[in-house]
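All remarks here apply to the structure that follows.
Going in written order, the chains are labelled A, B, C and D, and every chain counts its residues from 1.
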Amino acid sequence: MGGNFIIVMNIIRLSILIILGLGAIWFAWRVFMTSSMVRSALSLLASMAILGMMFLVMEAEFLGVLQIMMMATEMSIMAIFMMMYMMDPGGMGNMDMSHQKKLSIGTSLVAGAMVIVAVSFSNWETIATEVPTPAKQNYDLGMELMKRSMMIFETAGTSILVAMIVSTATALPFKNKKDD
Amino acid sequence: MMWMIIGIGCLVSIYAIVVLERRLVYKTWEFGYPVAAFASYFIQENVKPRKRDKTFYETAPILFITVAVLAIGIFPWAESSVIANMATGALFFNAALAYIMVALVMAGWAPNAVYPMIGGWRFMGQLIAYSMPIVMAITATVMRAESMNMMAVVESQTGLWNIVYQPVGFLLFYAASLALTFLPPFDLPNAPGELEGGVFAEFTGTRLLIFRLGRIILIFSLSLGITHFFLGGWAGPFLPGYVWVFLKTILVACSFFVVGNLLPRFRHDHTLEWSWKLATPLALFNILWVGILLLL
Amino acid sequence: MSALQQYTILFGMIVGTLGFVIVLYLLHRKMVKMRKEPAKDIPAESGRLQPKPAWGRYHVHYYGYALLFLAFDMEMAYMYPWAVIYKEVGITALLDMGVFLLILFLGLLYTWNQGGLKRQ
Amino acid sequence: MIELIVVLSVGAVLFGIGIYGALSQTNLVMIMMGIELMLGAAMLNLVAFWRYLHPEEYSIQMFVLVGMTVMALEAAVGFAIATQRFRTKGSVEMEEASDLKE
């Protein structure tokens, strides 16, 4: 009875993964197929949130919830920047905003097909069936952060600082000393 | 049996919050007001604006109410009854509430009208303001509990509630939740009297009903959040745990309305300035404070 | 309860809310008839007609904050796992996170100094 | 085994769509959307490798965190560049940006 139950659970999980994956692909495709800017930003958000749900199905709880949360703010900020710079953000005029179509379709097809072929013909040795519980994952990730990956963590801090300084210095208008 | 009591308790406290809002904001006792308001929105016609974005127009109210309900799901009601005992509960609460902003931006964009759009982008600015304080305040409570699980957060407060342990964090979380539920003094996204209702201006009938209901549930879940993160959750003498949870939640919701009536409205750029120049350094200070207290 | 069961319960809550909304919409459609009147569906604009669609370019005055927020936001990805183990690791963790937050705070100070923290 | 292959294939298709977007769009912000899609696909693959091959290796989860950071930072710097180009040229179309070559 136990064996049957596990097999049924596996089939259900596989089908959920397939459905979520198809959803992510559909929304990712919609991003470039619409001329309304807020629509394409929010389609990207939907695609990324579905990726987060796939992380949850794969039992990486912290990463999944974090992905779902981060992308909400990031993609909405993307939407406001689109609003600021586009000629026609509502897509009322149905402008075509693409170029070098053949080249890009060809490249993407070749790249995707190569990866899929590589994935399906490589030899994945042993597949893990059990993963640590989410609470243990949080604990171990924290330990990893403090012990082995500490330099990575601090480097991430400095790169965030660099990005802040670069974006501030680039984006803001020049400060006029006389106005102060 | 237990779950029946909790479900009825939720409905009763949501009803009580609406009645008390009537009392505290408009100074009248109207015990039938929630039913009357529900019926009056329900029999309204659904007038839809002319050139709308159909998908967003339908999605926005549903997304709004869904995430407000989801945020309730992770909170414990008594020692052992919790709907979903997630190990990442505190972060999940945050993640669900980030989608309130997405729903409002959608609602602002969809009707192709000027007032809702300005309201939506304003709420986006408000998110940039309240997000950092709320996250850092939650982090400080997580530090004390050594776990992101809500049960652990509540259990860590036996003896000393977090409101005493980290008062700065409580103040920041309180102000941020006022901004998140866009109650006054942070009610710029739907600014009655300035933007004609802002993001809700073009929604009528059942969709507006869903928005109003979602807003009440949002206030309820935020009060529940304050109760669990800072006021000790189910802890309290004599009465059973869930009674304390509901009592504290209703009290916190009432204090929202009282505080909102006392303060003048903030302009959205002032909210941003105060948040980044004062609240974010204070939140960092709060984390340092908790860190030093924990090591002593 | 395992983690996957909890996600199932949360998903059930989503489905329940959706069901409630859909039932409400269906009841409304059955019970309330919409009367046809000309120009009922024009967006509200304080009595004047809209000259052009609202979906145009819009200057968001807080973009300085938005840029800062995008980068500053990432700090919490590292902060939550750190907070979980903070008490156990002790003073090392305090110093590590202190350095990290100090670095980020420098960025905030720089933006403040350059005038990013105001309405553009 | 089959779950791993399904997830990796989803990642591959997303990567392909990302390449298509990054190459074919003329607008800077849209190009960044393509890049974000590619990074998202990479993160999906990393999580799949963690789940099905090495559940005990937490450096993979660390890698995903770094990937998310890269995504946010790329967005911030990209928007800053877009703001500057919009201020000086009045548009963010990349076909008009050939003056950057000189």
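Going forward, a residue touches a chain if its C-beta (ideal position, glycine included) is under 8 Å from a C-beta of that chain, and two chains touch if they have at least 3 such contacts.
If you're wondering where the values come from, they're calculated on a predicted model, not measured in any experiment.
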item	value
Which of C-D and A-C has more C-beta contact pairs	A-C
For subunit A paired with subunit C, centre-to-centre distance based on mean C-alpha positions, whole Å	16
Centroid distance [mean C-alpha coordinates] between subunit D and subunit C, Å	21
Computed distance of Cα centres, subunit B from subunit A, in Å	27
Euclidean distance of C-alpha centroids - subunit A vs subunit D, Å	7
Overlap residues in subunit B, where contacts from two or more other chains coincide	86-87, 91, 109, 112, 121, 124, 131, 147-148
Where subunit D touches two or more other chains at once, by residue number	65, 68-69, 72-73, 75-76, 79-80, 83
Numbers and ranges of subunit C residues touching at least 2 other chains	3, 7, 53-55, 58, 60, 63, 66-74, 77-78, 80, 83-85, 108
Contacting chain pairs - touch in the sense defined above	A-B, A-C, A-D, B-C, C-D
Residue numbers on subunit A that touch subunit C, as the complex places them	13, 36, 56-57, 59, 61-62, 66, 70, 73-74, 77, 80-81, 83-87, 89-92, 133-134, 138-139, 141-143, 145-146, 150, 153-154, 156-158, 160-161, 163-165, 167-169, 171-173, 175
Residue numbers on subunit C that touch subunit A, as the complex places them	3-4, 7, 53-60, 63-64, 66-75, 77-78, 80-85, 89, 92-93, 96, 99-100, 103-104, 106-108, 110-111, 114-116, 120
Complex interface listing, subunit D residues touching subunit C	65, 68-69, 72-73, 75-76, 79-80, 83
Sites on subunit A touched by subunit D in the complex	10, 13-14, 17-18, 21, 24-25, 28-29, 31-32, 37, 40-41, 44, 47-48, 51, 54-55, 58-60, 62-63, 66-67, 70, 74, 77-78, 81-82, 84-87, 97-101, 103-105, 107-109, 111-112, 115-116, 119-120, 124, 126-128, 130-132, 137, 140-141, 143-145, 148-149, 152, 156, 159-160, 163-164, 166-168, 170-171, 173
Residue numbers on subunit A that touch subunit B, as the complex places them	36, 38-39, 42, 45, 61-62, 65-66, 68-69, 72-73, 76-77, 79-80, 83, 90, 133-135, 137-138
